Amino acid sequence: MKDFILKRIAAIILPFVCIYGFYVILHGHVSPGGSFAGGIILGLSFIAYSTIYGTEKGRAKLPERVLTWTESYGTLWYVMMGMVGIVRGVPFLANKLAGVDLGVPGALSSGGLISLIGLGVGIRVASTIVTLFFTMMEEES
Amino acid sequence: MKIKNILILLVVLLATYGILMAVAELPPYGMPDNPVHNQVSERYINEALEDTGVLNMVTAIVLDYRAYDTMFETIVLFTATLAVVITLKSWKKEGER
Amino acid sequence: MKILIDKLIINYPYFISVVLFMIGALTVLTRSNLFKKLLGINIMESAIFLLFVAGGNIRGGASPIIGKATTESVYINPLPSALMLTGIVVSVSVTAFALALIVRLYKSYNTTDARRIATMRDEVTER
Amino acid sequence: MTTSLTMNLPVFVVIAPLFVAIMLPTFARRMRLVEGLVIFVEALGLVGAGYLAYTVLSQRGAPLIYQMGGWQAPWGIELMVGNLGAFFLLVISGVSLPVALFARGNLTEEVGGKERITRFYVLYLLLVGALSGMALTNDLFNVFVLVEVATLSCCGMVSTRKHPRAAEAAFTYLILATLGSALVLGGIGFIYMITGHLNMGFASQEINRIWQTNPHVVWLAFSFMLVGFGVKSALFPLHVWLPDAHSTAPSPASAILSGLAIKGYLICLLKVLYNIFGHTLMQEFAVHRILVLAGTIAIIAGSISAFAQDDLKRRLAYSTVAQVGYIVLGFGLVNTKGLTGALFYMASHAVIKSTLFLAAGAIIAVTGRKKVSELAGIGRKMPITMGAFTLASLSLIGIPLLSGFVGKWNLLLGSMESGNIIPTAVIIIGSVLCAAYLLPVIRVAWFEPAPDEDWKDPGISQKLALIILAAVVVILGVIPGPLLELAGRAAADLLVLR
């Protein structure tokens, strides 16, 4: 698309959308929302970028290799967090039992592994949405 | 084709009637003494903070009490991505070769 | 019959979800356009999500985040909401894959109509 | 270290294939490594499943319970390694290892380049992981999520072929399977709304206590579950997607889909029927009669449709419809013998159908001929492939000393015990029909003159896979001992009064 106004406004808004996505991911355990909603917002900011500025530019920002790696390691991150329990001698995916510090309720760092898992899932969801978009767009052209 | 559609419509209407009979029998909507509000949900509501340290109970369930489900949920997404890619993308390359 | 209707009025969210479910099922079974079939599937799944979430609700209850409830209100059941979060993601995945298949079918057959595809099936070879 | 390994073995059996599957796309280009890892993890799975089965067999009684994240039963998710779980795990890993061996270095023709093959293996491992999860899980919603993983990976594997018909078959499969899972989710919703539990044990106690206050809801949950899993496991009137999907998929995928994926859904159905509703409720609502009726119709109709097909893979696909009928019929007999027969038949059919599909795939890959009538003399050119095919077909027909016979014999005993003459007759008629559609293939392949062409048996690992599977068919028939014992105990567990 060649619309000047659209491009300027997108340049102003999209960074905030991106940051808002991260905000929703990181505050999933103290407020409504969570890793999935946040991940979708984060992914949509990249999708909006590529629709407005063209798929090639979007691809330049997020090459295929990076997407494959985030996808694989985002899912792997979840399994790894589950392994913490096994390493500590308690069942898979344990949190409080594994002796993780749960922190002060309401703080950003509370919840032990929950916020860490949430971050991984959020980034993973974002990369999935972007991959789906790119795959379908490139088939189109 | 028309006759088949009408038959399907009849079957679906019959099924709707049956399902409505059952749905009318469900516990009344929105009452606090329904069977779903049993010791399971009470524990989630009263002890989620102590058990997991998070304020949002839905997050506590999704990422701690039932984290195993959520692991498979991310795996569903992973599967879907792979299936989409294997259906669309590299297939084109094969076709060109 | 009257008792049935009375009970259905009390259980109106369930009633709506059953109607939605059947609309979806009818769409899947009778329409030959692939997109409409997919839409029907999505309507069906949304109906089930509605059923679940309504089942966990309490009239006048507070959303399940600590600090939201006042002294006279109670928290609603958080479990169905959490389950449906998973269900929604599953539905998104299925939709994405089905769309990919539709794109590929459209490339091969130049139509999204299931009946037309069935007639052209033997003419198209590997491409 | 060892105690931690054995303690967490139920989890490792499920997540090891998933772990490797997640890792594979990052080194997509190194084919040797990918194939080696796949076979390695399958072998590990077999060892783990064997160990679990040994533990379960040696410690009679209480099943092994694993609480995910340390949360107790009604709050968290439980894995239960009972007799049923151990049995099905053994079947999964026992079949998926030879199939992976067969796929090694053999997919370029049907799937494509290296990256595509890697993605195919990822889907394969995800399916195996989801099936292992189904075998062990004891939680209703977890069943739904696992079913969804399995469905998506099955559809993905079907769509890997280049031919546009593959995409068409995959689309039909996906739409119908999603319809099925929507119904399953609805059934779970109704059970949850009247019991308030998702754990199978708790839900079962609750539903047996309160079913009289809302019988319609229980009936609705029954029918949703039956139709939902019926669509997914291709019970006769709902089988429309199966022939296309199973005959267009690449041959290792056909083998795993027909052999294992359908059995996974059937195991879920079995768990829902017997572990949640329980056999008293089933008899109260006459569900067992519906199952017997559906199985009977499936056996007859599936066999007749198979007889009408000339395409080899389609004939095998319709044969799967008929065999699902046997298993469902066994579920409906509600006695130990019948259930044992159904479970053992499930195992033997998994092995047999994988052998048949793999052999068919090898024949099609070498000769390029798909029709039964064109296979004249293939047995002399490809003795090992056709030998495995022949053994498996004889076993499917139910010749004594082969695995299919043991299952059918127990099913017969069970149906006689239930005192109903129709299933007994149908099982015997089904065997005759099965002979009618499989023996012509064997006759054409061995006793007709071979054309003068340079056809050979496939490569070494393909031969090895076929020989292993054929050997398993014979071994299960001659010494069914431990597996039959496990199946019998699983059947007894299912019938325990709650």
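The first chain written gets the first letter, and so on, giving A, B, C and D; residue counts start at 1 in each chain.
Heads up, the rule we're going with is that a contact is a pair of C-beta atoms (placed from the backbone, for glycine too) under 8 Å apart; a residue touches a chain by one contact, two chains touch by 3 or more.
No experiment lies behind these values; they were computed from the predicted model shown.
The minimal number of chain-to-chain contact steps leading from chain B to chain D is 1.
When the interfaces A-B and B-C are ranked by C-beta pairs in contact, the top one is B-C. Chain B has its Cα centroid 22 Å from the Cα centroid of chain A. Averaged C-alpha coordinates put the centre of chain B at 9 Å from the centre of chain C. Rounded to whole angstrom, the centroid-to-centroid distance between chain C and chain D, based on C-alpha atoms, equals 28 Å.
Rounded to whole angstrom units, the spacing between the C-alpha centres of chain A and chain D is 36. Multi-chain contact residues of chain C (touching two or more other chains) are listed as 21, 25, 55, 65-66, 79-80, 83, 85-86, 89-90, 93-94, 96-97, 100-101, 103-104, 127. Each of the following residues of chain D touches two or more other chains: 18, 22, 25, 68-69, 141, 145, 148, 152, 155-156, 159, 162, 167, 170, 192-193. Residue positions of chain A with contacts to 2 or more other chains are 31-32, 34, 71, 75, 79, 82, 92-93, 95, 105, 125, 132, 135-136, 139. If you sketch which chains touch which, every chain touches every other chain without exception.
Touching chain B in their complex are the following residues of chain A: 28-32, 34-35, 71, 74-75, 78-79, 82, 92-93, 95-96, 102-103, 105-106, 110-112, 114, 117-118, 121, 124-125, 128, 131-132, 135-136, 138-139. Those residues of chain A lying in contact with chain C across their complex are 31-32, 34, 36, 105, 125, 132, 135-136, 139-140.
Within the complex, the chain B residues that touch chain A are 49, 51-56, 58-60, 62-64, 67-68, 70-71, 74-75, 77-78, 80-81, 84-85, 88-89, 92. Taken together, the chain C residues at the contact with chain A in this complex read 63, 65-66, 85, 88-89, 96, 99-100, 103, 107. Across the complex, chain C is touched by residues 141, 144-145, 148, 152, 155-156, 159, 162-165, 167-168, 170-171, 174-175, 178-179, 182, 185-186, 189, 192-193, 198 of chain D.
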